[in-house]
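Each chain gets a letter, A, B, C and D, in the order it is written, and its residues are counted from 1.
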Amino acid sequence: MKTSHASATAQRESSQAPLQPRGGLLDVSALPSFAFSHRSLMWWSTAGLMAIEGAVFALAVVTMLFLRVHAPAWPLSGQLPPALLWGTLNTLVMLSSVVPNHWTKRAAEALDLRGARRGMVVCLGWAAVFLVVRVLEFRALNCRWDDDAYGSIVWMLMGLHTAHLVTDFVDSSVLAAVLYRMPLALRRFVDVSENCLYWDFVVLSWLPLYAAVYWLPRMGAS
Amino acid sequence: MNASTSGGWQDALLAHGPQAAQVLDLWRITLAVCTLVFALVLLALLVALWRAPRGTHETAPQIAPDDRKPLRRVGVAIAASTLLLLALLVGSVVTDRALAQLGLRDALHIELTGHQWWWSIHYDDPDPSRTFDTANELHLPLGRPAILTLRSGDVIHSVWMPSLAGKKDLIPGRTTTLTLRADRAGLYRGQCAEFCGAQHAWMALPVSVDEPARFDAWADAQRATAKPPGDELARRGQRLVLGGDCVMCHAIRGTDAGARQGPDLTHLAARGTLGAGTLPNDASHLAAWVSNPAAHKPGVNMPSATFSPDDLQAVVAYLRSLQ
Amino acid sequence: MNVHETLDRTWRDPGGFVGWFCAVNHKTIGLRFIATTFVFFAAAGALALVMRLQLARPRNDVIGPDLYNQLFTVHGTTMMFLFAVPVMQAMATYLLPLMLGSRSIAFPRLNAYAYWIYLFGCLMLYAALFCGAGPDAGWFSYVPLAGPDYSPGKRSDFWAQLITFSEMSGLLESIVIIATILKLRAPGMALHRIPLFAWAMLVTSFMVMFAMPSVMFASTALITDRLVGTHFFNPAEGGDALLWQHLFWFFGHPEVYFIFIPALGFMSQIIATFSRRPVVGYAAMVLSLIATAFMSFGLWVHHMFATNLPELGKAFFTAMSLMIALPTALQIFCWLATLATGRLVLKTPLLYVLAFFFILVLGGLSGVMLGMVPLDLQVHDTYFVVAHLHYVLIGGAVFPLIGAIYYWFPKFSGRLLDERVGKLQFWLFFIGFNLTFFPMHLLGLRGMPRRVYTYPAGMGWEGMNLLATVGAFVIALSVVLLVANVVRSVLRGTAAGDNPWGAGSLEWATSSPPSAGNFVHPPVVHGREPLWEPGAQPAVVAGLADDRREVLVTSVIDAQPDHRAIFPTPSPWPFVSAAATTLLFVASIFTPWAVVWASIPVALAVIAWFWPSVRETLAEKLLERSP
Amino acid sequence: MTRADALMVAMPGLVLAAAMLGGCEREQRRFDPATPPPMAGETIRQERNAYDVSQGKRLFRWYNCSGCHAGGGGGIGPPLIDARWRYGGETSQIVQSILHGRPGGMPAFAGRIPDEQAWKIAAYVRSMSGQLRTDVAANRGDALSSGPPESRRSREEIALDPTRPASASIAASAVSGAQR
């Protein structure tokens, strides 16, 4: 084992040197075994995913604008714009889900197991609601994906976001199940807190998509 | 037979029109600058290799060398590179402007449409009776600017006549234009430059640049409908062609044949090549082409005709009569 | 038993048949990853040889247009998506934890999963090729040619799904690499001290994150157009063929740079070691990497100059295309200064680095030409571009990469590669390369378009094409020599020792090959070239468990010790999940409903992957300590 | 380890074998137009080859079949997107209809359309009512949308339907359509 103060030459002969490091030690045994927020590795993977998926959403919206600019009318072939009711309702449901989501986050970061469990369950309830409403949204889009490019991009945006709702719902339920299982490693609280972060992302990323899907077709001809 | 299908200038370094010439000038300047830069970098490298002392992996490394002097030199080099790049940028923009400012007074209007794997060409004219269609061979009057309106019938193609001008894409759902002028009479060769499927390689566009008088003669000949066949053999050939499957895709103006899926055959015999530059256009190759196009251009959309040998002879005689 | 053995047992991958699929150690995965990428490099090279044979003579008929188009498509797709990008990430997977003084890479299971996904993608593409369903619309798959109307069958769907495979792998690797570089550095290795290769990989990974989604989105739109009849690219229904080109090149141009930038990292490591001094201008090097990354997102349109574009746009993209030469020029000048002021050790790795100055500079200059609209309109889509891109990618990435193989092979295997064979192999490669690709510049100017399966005689192209074909076989010979050299030294190469080159970075501070846990005592860092600097205290980290997979996590900016994380153990689930994902991707080529039903096995496998085992949790709780 | 290696080597083989089965026949491109039409009883190659079917689709467009069978939806001639046939929905019967015509308007195209093309058109016509494998049938065209692409049509049960009204005006329009 080499240490950092041997010269290049010393390096080579010391390759068979005894293990015991020369020089002082940096003792890290007193450090915690997990940490929240950007101190934790989990945060970085979540942030990475959010960056990637955020980029996908952004590109999808840009694509819609690109097609819209080149289109004589929007919707293209005289379809009605998507019905506002369910989409708007769902937007409100999602936004409101941010509240219990943040209780959960706070509870998790206080290592409060009962709070975290309750929070996760409540959030899942919310998720169930907006998944159901999402189905109604699809039925009120007033277009098919194979009508024209307008229908295609509308369904693409909705599909992309719904995929996120579903995956987030699934991994939240798995995480909730883990919380009810003993023994429980404390770093699961980090997972809960990151899950909440991702939840916020899924909700907030909906807002531009909502505008693009529901309001762009209502903004008249260009 | 190869030589005759490859006839014509297809070379960006042989510029016979203002568009290509301006690019060629820019190319010469850029080449000079880049060669200079390349030489200097290599020189610097050689000097470094020559000056620097040799060492081995045991040589004690310099840990915190004083890099102010080398960094100053790096700074100078970067400043120089920036200036050169700016010069090239100016050159590029100026040339681009010049290309856009080709004089277009009494320009010839031509619609060029790309298909897998051939070109349909429509010569436009204010007087509708003077417009006409042809295919796979472009004729330009010497010294007169031409405006090519480019469209695609299927996938993206790109028309490139290196000795006359840079290339331009033919994009389905869009219209692009290419303006050029040929200042030297002779035979040129263009080619599709955007990959367009199985026969991208055999989608050539022979270009003939002629004195205005000759061009007008050619245009008048093209405007005319097909002459009725002279001899008996050709007449039989005509019956076979018009009664067979050729007319499902091809047009021969002056007959019932009016389909537009394949090249216009009204003046087929006046063209230099068959299959968009695949084969030279003479009797023997024509017979070979008609009886099995795919043997020469695998993937071509033209089916092989099943004529008996003497029927084939008659068909060829008729097609050869379409001057 | 001593700490060595305990540590080794803790971090070793399980043996045996099943164990082989459970491996998560970054060195195991890294070596498999590197080996796989080179296998497909060789495969795509073989395809190129067949193409060169076909082009050796005019009107040649070694192969017909249908096969030729599949070959050049698969060649390009493989080289870009299955070799050039992954091989850099593969090298990083192996090297980064060692360079940064860590016991593991971040998210080792995710890393394994990314490898399996990549491997299955490769297998799918070549399976398709071998049964005549190889994609044939070019590596860029322009619509409408690659679209539903003009590409019957499943050829283009295999291409689109291959993109999904390789981009998924690439994106996951970028997360792994960013987390490793930012959170798993040795104490004291502040941002201004991390090795330039790590900087290059960090920058690259951020680029990957923002560029790859573009092509993933595009290929998804392509496959829905083909499979369920959407109209993204159908002009008749409001779609647009140019939309594809914008999306593709918004990824495609940065991609060139995330092949090139890691290679710049290799350059810096090798040049420093073989001129016995740190690279001149560390800060300048880092800044130019970052500048390149940002600028590379601003020049995708220079691939589309021949479509109709607004004048202003053209000027802007020309300017960007020229100016991006500056950051690279800056690095080249810094390296020249380093060589000039160093003490040179002329070994094979350095030879490959010196070749970079010849080939890459040529390629960069032809790139400047291509960035100028008027010149581009002449040489775009001709053999001039073929020459340019091979000068940039082979000169800019493959030469440094092979140099890097010569440089790090001792660390991988504990044995040196043979110098004499190495030098011979280098010269063959260098000469063969220029023989093959230099004439192509002229071919392009003399009017020869790209992607033609044959050409008429009498165009003045015969000689240069023949020359290129000969050169291609010289390159092939050189690659064979490289393989032979590797095999030979694995069998009986001279033992390398820990630090055969007397290098200064941390990967050389441990044994060759490194033990499963990388460092018995993770080092503490006090400068940029830790092994070159006189010892400062403290020298090493103590207090990490050696019977648990415990890793020290440090802070992002100044790498202060932050906490001790427990890392996951070997597991079969990454492999199973990858297999399930593969089922989903391949099945969805044939039926859209696969996206629904095939997602069930994927979900199950991933849940099983993350489900904590009681035994491990109990063990973990022993070391647990709240902040 | 060695067994593992063996498996890793075998895996490409397995994947290949699997892909081979379905793939080759579907993906093959027979550029030689002289390929003979299938003999009686022989399985119909064109119907298992995506390229041939797409050629059929192109020819259906080129020869303006939709002049009468508008977009397959019918018009002067009977619709083709359902599977109700007056003269039988077997490929050979459709080829018969194309080459030799049918009373009540369908003109004979023998001599106008080469046999091998007739077989491709027939294969495509059958795909319009979902008679072919979805991985062989054509995808949507780069044209105005006319409902779901052939590859997404659900298979209709072939039924004989002698009751279709025939129109006298078909012949002329079909011929002119064919020749434009």
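Just so we're on the same page, a residue touches a chain if its C-beta (ideal position, glycine included) is under 8 Å from a C-beta of that chain, and two chains touch if they have at least 3 such contacts.
Just so you know, these numbers come straight off a predicted model, no measurement behind them.
Q: Averaging the CA atoms per chain, pick out the one whose centre lands closest to the mean of every protein CA shown.
A: Chain nearest the overall C-alpha centroid, as shown: C.
Q: When contacts are scored as defined above, which chain pair ends up with more C-beta pairs, B-D or A-C?
A: If we tally the C-beta pairs in contact for B-D and A-C, the bigger total goes to A-C.
Q: Taking the mean of the CA coordinates per chain, how far is chain B from chain C in Å?
A: Centre-to-centre distance between chain B and chain C: 37 Å.
Q: Whole-Å distance, chain A centre to chain C centre, using C-alpha means?
A: Result: the chain centres lie 27 Å from each other.
Q: Between chain C and chain D, what is the gap in Å from one C-alpha centre to the other?
A: Centres of chain C and chain D (C-alpha means) sit 44 Å apart.
Q: Mind pulling the residue numbers of chain A that touch at least two other chains?
A: Residues 7-9, 12, 146-148 of chain A touch two or more partner chains.
Q: If a residue has to touch 2 or more other chains to count, which residues of chain B qualify?
A: Those would be 57-58, 60-61, 154, 172, 198, 298-299.
Q: What are the residues of chain C that contact at least two other chains?
A: Residues 64, 66, 144, 149-150, 225, 228-229, 231, 234-237, 239-240, 500, 502-504, 532-534 of chain C each touch two or more of the other chains.
Q: Can you name the residues of chain C that touch chain A in the complex?
A: Touch list, chain C to chain A: 2-4, 106-107, 110, 171, 174-175, 178-179, 182-183, 187, 209-210, 212-214, 216-217, 220-221, 224-225, 228-232, 234, 237-240, 243, 246-247, 250, 497-500, 502-504, 508-511, 519-521, 523-526, 530-544, 552-553, 555-556, 561-566, 603, 607, 610-612, 614, 617-618, 620-621, 623-627.
Q: Would you mind writing out the residues of chain B in touch with chain D in their complex?
A: Contact set of chain B toward chain D: 154, 172, 198, 243-245, 247-249, 256-261, 292-295, 298-304, 306.
Q: Help me check something: in the complex, which residues belonging to chain B touch chain C?
A: 2-3, 5-7, 10-13, 20, 22-23, 26-27, 30-31, 34, 37-38, 41-42, 44-45, 47-49, 51-65, 67, 70-71, 73-74, 77-78, 81-82, 85, 88-89, 91-93, 95-96, 99-100, 116, 154-156, 158, 160, 162-163, 165-169, 171-174, 176-177, 189, 191-201, 204, 277, 298-299
Q: Help me check something: in the complex, which residues belonging to chain C touch chain D?
A: Touching chain D: residues 15-17, 20-21, 64, 66, 123-124, 126-128, 130-133, 144, 147-150, 152-155, 225-229, 231, 233-237, 590-591 of chain C.
Q: Across the complex, what residues on chain D touch chain B?
A: Within the complex, chain D touches chain B at residues 29, 31-34, 58, 62-63, 111-114, 116-117, 142, 178-180.
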